[in-house]
């Protein structure tokens, strides 16, 4: 049996039945990581020892007839934005290069409780800010379908490691599309659940009212399996939903007959790559063939999504990232300079104490350019005299965007469309133009603003062999239908089973 | 001119508003389960949440919210049906998240008041309006070695995240004395409600004062001096002293500069207690741009009328109400009621038990004011640790009422009871105190009358008070002699002799 | 909408970010562009729209006042850039402390 080609559902079943040992499974994926990570750079930290030890324990327990958890033996890669008590957690930032959290994120605890095997921490855009993974302080991730291209971001490492069979599933986080967009560009399936469905405790915050953790895997069925474990109320997160967790894997069977899927004609306006447009339209056709009805709908405020997002997210981020000041943890600048207390200055403004100089220098050195840009933007937009024009305005438009969804879901059960306007772009293609990079979030930010769930999965390939992603969005807590529709699509197509040829196998 | 007691009218009116930070008496911090106990070794009461570690999230302590509501209700505030929290962003090493979770535009309560009355009448009763009361987290503690200048600052985050109520008053106080008295009343109120221990030494109550002067000019216009915020006052006495100093300083400055409110940014001055002066603190322009925005890690809180009623029902009566009820129920003076209430709830409970047992408020109050309080003061410590319980004192008072011995003798006994924790009966027995029998008393009278013909003659001559000379002699012979009884008996005998 | 270099320098101080001269230049032009872009929102009349700060309608989430274990001092200080085994150490503050 070749574990690297098994689905997560199959791996868990095989381990449970004793057809596959957890150690053998872990070793297979660890070897693939060791072979492939050099070229792809999907992992920042691989825990071979911990993973094998954990797998051995599971095997021993199974052999002894003791109970094993629902994900027993399943290797999972975790985005390095989630705190792990046994592994450094860096957020792909020099600021946290040596940071060791004293606790596990809720998601990590749940995975461990379920006997999943955490194989390592994946690369990402620094503090999850970016759409290409080029903002990692530890080098970009490469797209396994074409190593000269970006995997998308910010969960680029998580998407790439699944696409390259270095892990059957990975955990990502999505603030404006950071699960769905890289999943789309890497040809895998990625689910951003409803806001609050998965606890944010231990997720290093980017924008607290938008952040959500979710599974990334080859198929919707595998995402369903992982979501069953990581979803659920956490009394340690005030914004975690109290709703019970359905058995997602058992809700996949029902056909799509009668399900109404909205199609937004504006999505197909100028700017959408024709090959992507074609793939997306074909996906609608498949869903129709599966019994769904497709209805055209309007989302009148869609075009305001990106500007709204690029006010709200930076404002929250400017505050969330204030804690990285070199005082209690994280990077501190070389102190001798600061301690001399010279009349050093920052843009012609003199530092008025060695402490302030330490703050500014530590943050100036520790953060990369995109993080600084967003901190600056958010600080500016919240500052005296600008709050109403920017932050308050954005909160109002946020309500209009959410209202668009509420209105639309009066008529349809799901909304479908592209994930990204283009397939994976070249590394370096957009790095000189922050605004161009912001527009890669065009189709994904609105779900975060509204707090609803969305999923993306492959619906075809370009002539040059790059995956094309399809996105579905559902009303709050509509994960069962999102997963069911995606699973139905994947029963009728095989795009999700394709594997990159050249990269690492 | 404002203060009724001002010896000579000042040429200005003093305007004072206060900002009080109050630590709520919870077991754990506002957003995490770390202890709030004072005095633990540094950085031992910290966790990912109050250290502001990446990924940590706050969850609101229900008890803190309820205590804050009690405080606001006691201050007659309106409780908002909807409230939320905001982030106040600034960098300081005792603030590990880089922001303080506080309340900005929708505090949970507003528009209250608290009156302070001075029973001695040194100032007229003053009602101070409360602008708002809100709930926020405290910062940690940073220690600086000022003399070393460039030495490291040391940070202890044990206090970070402790629940605080911020109480902001309107500038309704008109003198430093009033400010101090009002703070005493506030402290008493909050202690009665069990909201806070109000211990200023341990930092559970902190006060900043805003002060300026209103100066009437010949034209009838009122000139206002710039408002100064005074910080670093660590007792109510220092609040009063700092205000006295600052009022004088502002008056002097006004005479020199004529600088008025609005011509310069608000100044902050720190109180230097040993030196007895306020000193200007540096003001940074950007430090006041706090970039408040709604805290996305917490959800709003709503309060229904039912919940409000439940909190109200659970509240003990406040001092003001208690003063009135003591007066009406036990028939004691306003002054006496004030003295008792100002000592705190435990002492009032002691008094009420005592009054019930001796069957009278007046006698109980006299014993409280003249004896119990005096002894408490001499001994130090709280009424809870007082060695004589109300029942014991009631027993003693009952013996006085029965005429076993007089009040001055009872005081000696009481002192012994307190000193050695003994019962009245015990002390009476040990001191061989027993009522003197009628026969014994008659023999003593006879003997002393025989020995003092001059006194007998005086009394017969109409000078009844001359009998006092016999009482002293009688007590010398037998300490247990009840002076009243003895006097009556002597007079009776002299009358009989005269027939 | 354009921001001046001086505006950006002030924001840099507020955000406590040291910016080199070159960074200040790029930041000034990039922020101006981004601010111009987000100003697209100005074309919407939102006078009668209530702000939406958070996607959840949840309210009244509390925990009970029950102590939970704290970290050890060693754990608390484990990632500190400088400490003395008891306290976090930072360069001289020269200012005033406390919650304001």
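As written, the chain order gives the labels A, B and C, with residue 1 at the start of each chain.
In the analysis below, a residue touches a chain if its C-beta (ideal position, glycine included) is under 8 Å from a C-beta of that chain, and two chains touch if they have at least 3 such contacts.
Keep in mind it's a predicted model, so treat the numbers as computed, not measured.
*Asks:* Where's the contact count highest, between which chains?
*Replies:* Maximum number of inter-chain contact pairs occurs for A-C.
*Asks:* Can you name the chain whose C-alpha mean lies closest to the mean of all the C-alpha atoms?
*Replies:* Centre-most chain by C-alpha means: C.
*Asks:* Return the distance between the CA-based centres of subunit A and subunit C, expressed in whole Å.
*Replies:* 23
*Asks:* Let me have the rounded angstrom distance from the C-alpha centre of subunit B over to the C-alpha centre of subunit C, please.
*Replies:* Spacing between the chain centres: roughly 41 Å.
*Asks:* Between subunit A and subunit B, what is the gap in Å from one C-alpha centre to the other?
*Replies:* 57
*Asks:* Can you pull out the residues of subunit A that are in contact with at least two other chains?
*Replies:* 99, 102, 209, 235, 238-239, 318, 322, 325, 327-329, 339, 341, 352, 354-356, 359, 379, 383
*Asks:* Multi-chain contacts in subunit B: which residues touch at least two other chains?
*Replies:* 48, 51, 59-60, 91, 93, 150, 153, 155, 157, 282, 289, 291, 293, 296, 298-299
*Asks:* For subunit C, jot down the residues that touch at least 2 other chains.
*Replies:* 10, 13-14, 16, 53-54, 56, 58, 61, 63, 71, 76, 82, 88, 90-95
*Asks:* Looking at the complex, which residues from subunit A come into contact with subunit C?
*Replies:* Those residues of subunit A that touch subunit C are 98-100, 102, 195-196, 209, 235, 238-239, 241-242, 301, 303-304, 307-308, 310-311, 318, 322, 325-332, 335, 338-339, 341, 346-349, 352-361, 363-365, 367, 369, 372-373, 375-377, 379-380, 383, 390, 392-400, 402, 434-435, 438, 449-452.
*Asks:* Which positions of subunit B touch subunit C when the two form their complex?
*Replies:* Residues in contact with subunit C: 21, 26-28, 32-35, 41-48, 51, 59-65, 84, 88, 90-95, 100, 102, 136-139, 141-144, 149-157, 164, 206, 231-232, 268, 270, 281-282, 286, 289, 291, 293-294, 296, 298-302.
*Asks:* Quick check on the complex: what are the subunit C residues that touch subunit B?
*Replies:* 10, 13-14, 16, 53-54, 56, 58-73, 76-77, 82, 84, 86-100
*Asks:* Taking the complex as given, what residues does subunit C use to touch subunit A?
*Replies:* 3, 5-21, 23-24, 27, 30-31, 33-35, 37-42, 44, 46, 49-56, 58, 61, 63, 71, 75-76, 78-82, 88, 90-95
*Asks:* Please name which positions on subunit B make contact with subunit A in the complex.
*Replies:* Touch list, subunit B to subunit A: 48, 51-60, 87, 89, 91, 93, 96-99, 150, 153, 155, 157, 282, 284, 289, 291-293, 296-299.
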